[in-house]
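Both complexes shown next keep subunit A, but they swap its partner, so subunit B is in the first and subunit C is in the second.
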Partner chain A sequence: MKTLYIMQKEIRESILTPKGFLWYILTSIILSVLSYLFLTNRELSLLDQGTMLYMIMNFITALGVLMGLVFGSDAFAGEIERGTLEALFLSPVNRMEIAAGKLGAVLTNWGIIFAVSLPYLFIVGKGGQNLLMGILYLGILGTLLSIIFSAFSMGLSARIKSMKNSLIISFFVFLLAGSPVFISAALRRTWFGRILDLVNPFADAVNTFDSVVIDSQGFSYQIGRVAIICVYTLLCIWFLKRSAVKLEM
Partner chain B sequence: MKKTILILSIIFLAMALNYTYTTASSRITVSISPPSVQANMGDKITYEGTITNDSDNPVNNLITYISLANVTHGKEAPMDLEDWSADKAIKVDTIPPHGTYKGKWPMRLIDSGSYVAYITVVDKNHNTPVSSMMSHLNVKRVLRLNPNNVLPVAIGEPILIGAVFMFISFKRRNRVK
Partner chain C sequence: MEIGKEKIPTMTMKMEVKGNEQEGAEDVPPPIKRRLTMIIEVKDLVKKYDGHTALDGLNFNVEEGDIFGFLGPNGAGKTTTIRILTGIIRADSGQAMIGGHDVFRETMEVKKLINALPESNGYYEWMTACEYLWFFSKLYVVRTSRQEILMLLEGVGLNGRENHVIHSLSRGMKQRLGIARALINRPKLLFLDEPANGLDPGGRRDIHDLLTDLNRKHGTTIFLSTHLLDDVKRLCNKIAILNYGKIVRAGEVERLKGTVEDIFFMSTKEGAL
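Here is the complex of A and B:
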């Protein structure tokens, strides 16, 4: 109940504000431009619908993770810098409940991004293969990735107590996680690329989308990657819990 | 006269083969169907290849694949079939003596132009791959301004979210007053 109260407070302060809403308008404009280009541009429309859907899914996931990192970095360090954490600690809410409430608000943000992106996914993937299955996987894996990256950056924010530093470190981690985008397909097929792909939860999610949407492979092919993402989720929740409990003014 | 008969016989033989090509050393023949296709961009077509074992022995472990080459003037190049959603290779375990194998290659036509498609069969026991005759493919360009009804969503959704944003701002401003 207290967790829910913290979550509502966070949503009121970060999401249901005019400034917070600008994020979703921008998200929707970017997705509009992207999906229109995918379907009408001569070069981009050469891609088959599965590939278009897969690329939009990657973009939505990256956007959700990125926003989660920013929200997470602000969670504790931002409160310390604004001088509001002390008042929060004086309220009858323990630190775990505060952390869970803030994580819930980040997940609400992901939920809104997912909801905003649904019409675009349906338009781009209409008549193509594995649309509903792709959306299902995006919903589940996007939620898990949001938990992983936002819990990590929240834990970091509680330990470092500096929003700027935790944001920079979180962005470095995000760039490292997004390395499959920068590595060539040939390098990704080498043993180094395969290991990097396997231990990286972001790459695991991207490869699962590829496997589900483009290659039409069933759940048995995804078990290993989904299990790794679940392990990371538990590890990051544990890291957040430890960091929140140890947090002192 | 003999020379004319010989030339006519050769022409007749070539026509009788009808898009089928056989190398002298090969035990197999391969053909592609349909021999020509006229379609629009975005259409889905299926090529069918028939591999026939003409020998008295079974043939094993054949690899067969389709190739597509752009023959449009100024754009001549082999095409990457991954972009055309086509399965490139099929492994054929065995074809019995005088038996046939039919393989299908569905593909989505994603760019306009003139192309040729042909099917090749590789038998590791023979040095010469066997290819079918070429099937001519002409893809007409289609200009689509509102495919999948994308415009209402692409324009409508940012406006809708903007309207909610304006509503929240207005409500907050009233509350502050």
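Here is the complex of A and C:
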């Protein structure tokens, strides 16, 4: 129950604020522009619907992860900087309950982004054969990636106690995670590219979307990548737990 | 609202300080009786930060019902002591008991007995005063109605401010709200770290009256960390002076020879030598 009260406080603090709404309005505007271009631009509209859906799914995932990093970096370091964490630690709530409440709020944020993006996914992927499967995978893998990156940045903010520094490091890790997506297809096919792809949860998610939406491959093809994402999820939750318990003010 | 469950009888026993100079030690009562009324028992507490020793084998006891002044110059280790006793940080070695519970092993039990107002207490500025207290009442699993929260706010002189956003409150009002938050679980022991910092004389006097009232009417033990000697003279019946992580002088204010100022300056000078 205490976790729920902390989660409720976090949601009111970060999401149900003018700044929070601005994020969602911005998300909605960007998705509107992307969808409009996919459907009306002469070159983009030549893409098949699977590819369009895949591209917009990548964008939604990256946005969710980015917002998770921002909220995660603020989780402990922000409260230390504002002087509010000590009163929270004085109360008979254990550190894991506090961390779980904060993580729950980040996941709520991801849930809102996912809900906001649903109409755009339906518009762009309408008529495509893997639309529902794509949405299902986006929901599951997007949630796991949100946990991975936000738990990591929350753990980091508890350890280094500086919101600015934890945000910089988190962004750097996110860029590293996203780098296989940005490198050329030829480089990705080399042994180095393949290893980088395999050990990287963000690339695993993107490759799974590709496999499901464009190549129409079944779950048996995705097991390895999904398993790696699950391992990362557990590792990052463990990192968050260790960091929250060890946090000294 | 009833803040303390029962009135604590007037204590006649003395504070014990081991291994450090103490005045009035000849009046120390028999051990069994003393142990029953001690709310804080600290033994050989050590805390180091990156090689710097913040607490160097700290020993002291506090009896129930006292207003205990914990004095010392900046950097003496006052805040570190409070953070250890409230379960926020861990000591490197030593023992600390509060209300008969081990602070390190039974932290949650201890947290139910105590509350504190930290020195640099921040507030969720976007909440109203009422929401702030309601949030903390839920974390303490205290059944608190809106009426009780209003009474608590009234008790600290914030009547009529319940729907004001904390951001709009003055520093003194925020400090009162912090005290109200620290009373939400009706603590037996209240830690206050420099509660009068930044307050005008009127605000300081109000806080003094509030603390005296809490102690006399509800028997709340108050552990007051401060370097404002005037606060100590007005409020405390016992003091301990901390310097370089050690108690250098302790005892009942009335029994210590000299004024609080003299004792403080002499003690901190001795500690530095």
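The rule is short, and it goes like this: the second predicted complex is superposed on the first by the 249 of 249 C-alpha atoms of A that agree within 3 Å, B and C clash if a C-alpha of one lies under 4 Å from a C-alpha of the other, contacts with A are read in each partner's own complex, and residues count from 1 in each chain.
Keep this in mind: a residue touches a chain if its C-beta (ideal position, glycine included) is under 8 Å from a C-beta of that chain, and two chains touch if they have at least 3 such contacts.
Treat the numbers as computed from the prediction; the structure is a model and nothing was measured.
Q: A:Ile140 contacts which: subunit B (first), subunit C (second), both, neither?
A: neither
Q: Would you check which partner chain A:Lys9 touches, where first means subunit B only, second means subunit C only, and both and neither mean what they say?
A: second
Q: Quick one: is A:Ser91 in contact with subunit B, with subunit C, with both, or with neither? Answer first, second, both or neither.
A: second
Q: If you lay the two complexes on top of each other, which residues of subunit A touch subunit B in one and subunit C in the other?
A: 17
Q: So in the complex, the part of subunit A that touches subunit C is made up of which residues?
A: Within the complex, subunit A contacts subunit C at residues 1-2, 5-6, 9, 12-13, 17, 79, 82-94, 248-249.
Q: List the residues on subunit A that touch subunit B in their complex, please.
A: 16-18, 21-22, 24-25, 28-29, 31-33, 35-36, 39-40, 45-48, 50, 116, 119-120, 123-124, 126-127
Q: Per the contact definition, I'd like the list of subunit C residues that touch subunit A in the complex.
A: 83, 86-90, 108, 111-112, 115-116, 118, 120-124, 126, 135-136, 138-141, 178, 181
Q: Quick one: in the complex, what on subunit B touches subunit A?
A: 83-85, 108, 110-111, 144-145, 147-151, 153-155, 157-158, 161-162, 164-165, 168-169, 172
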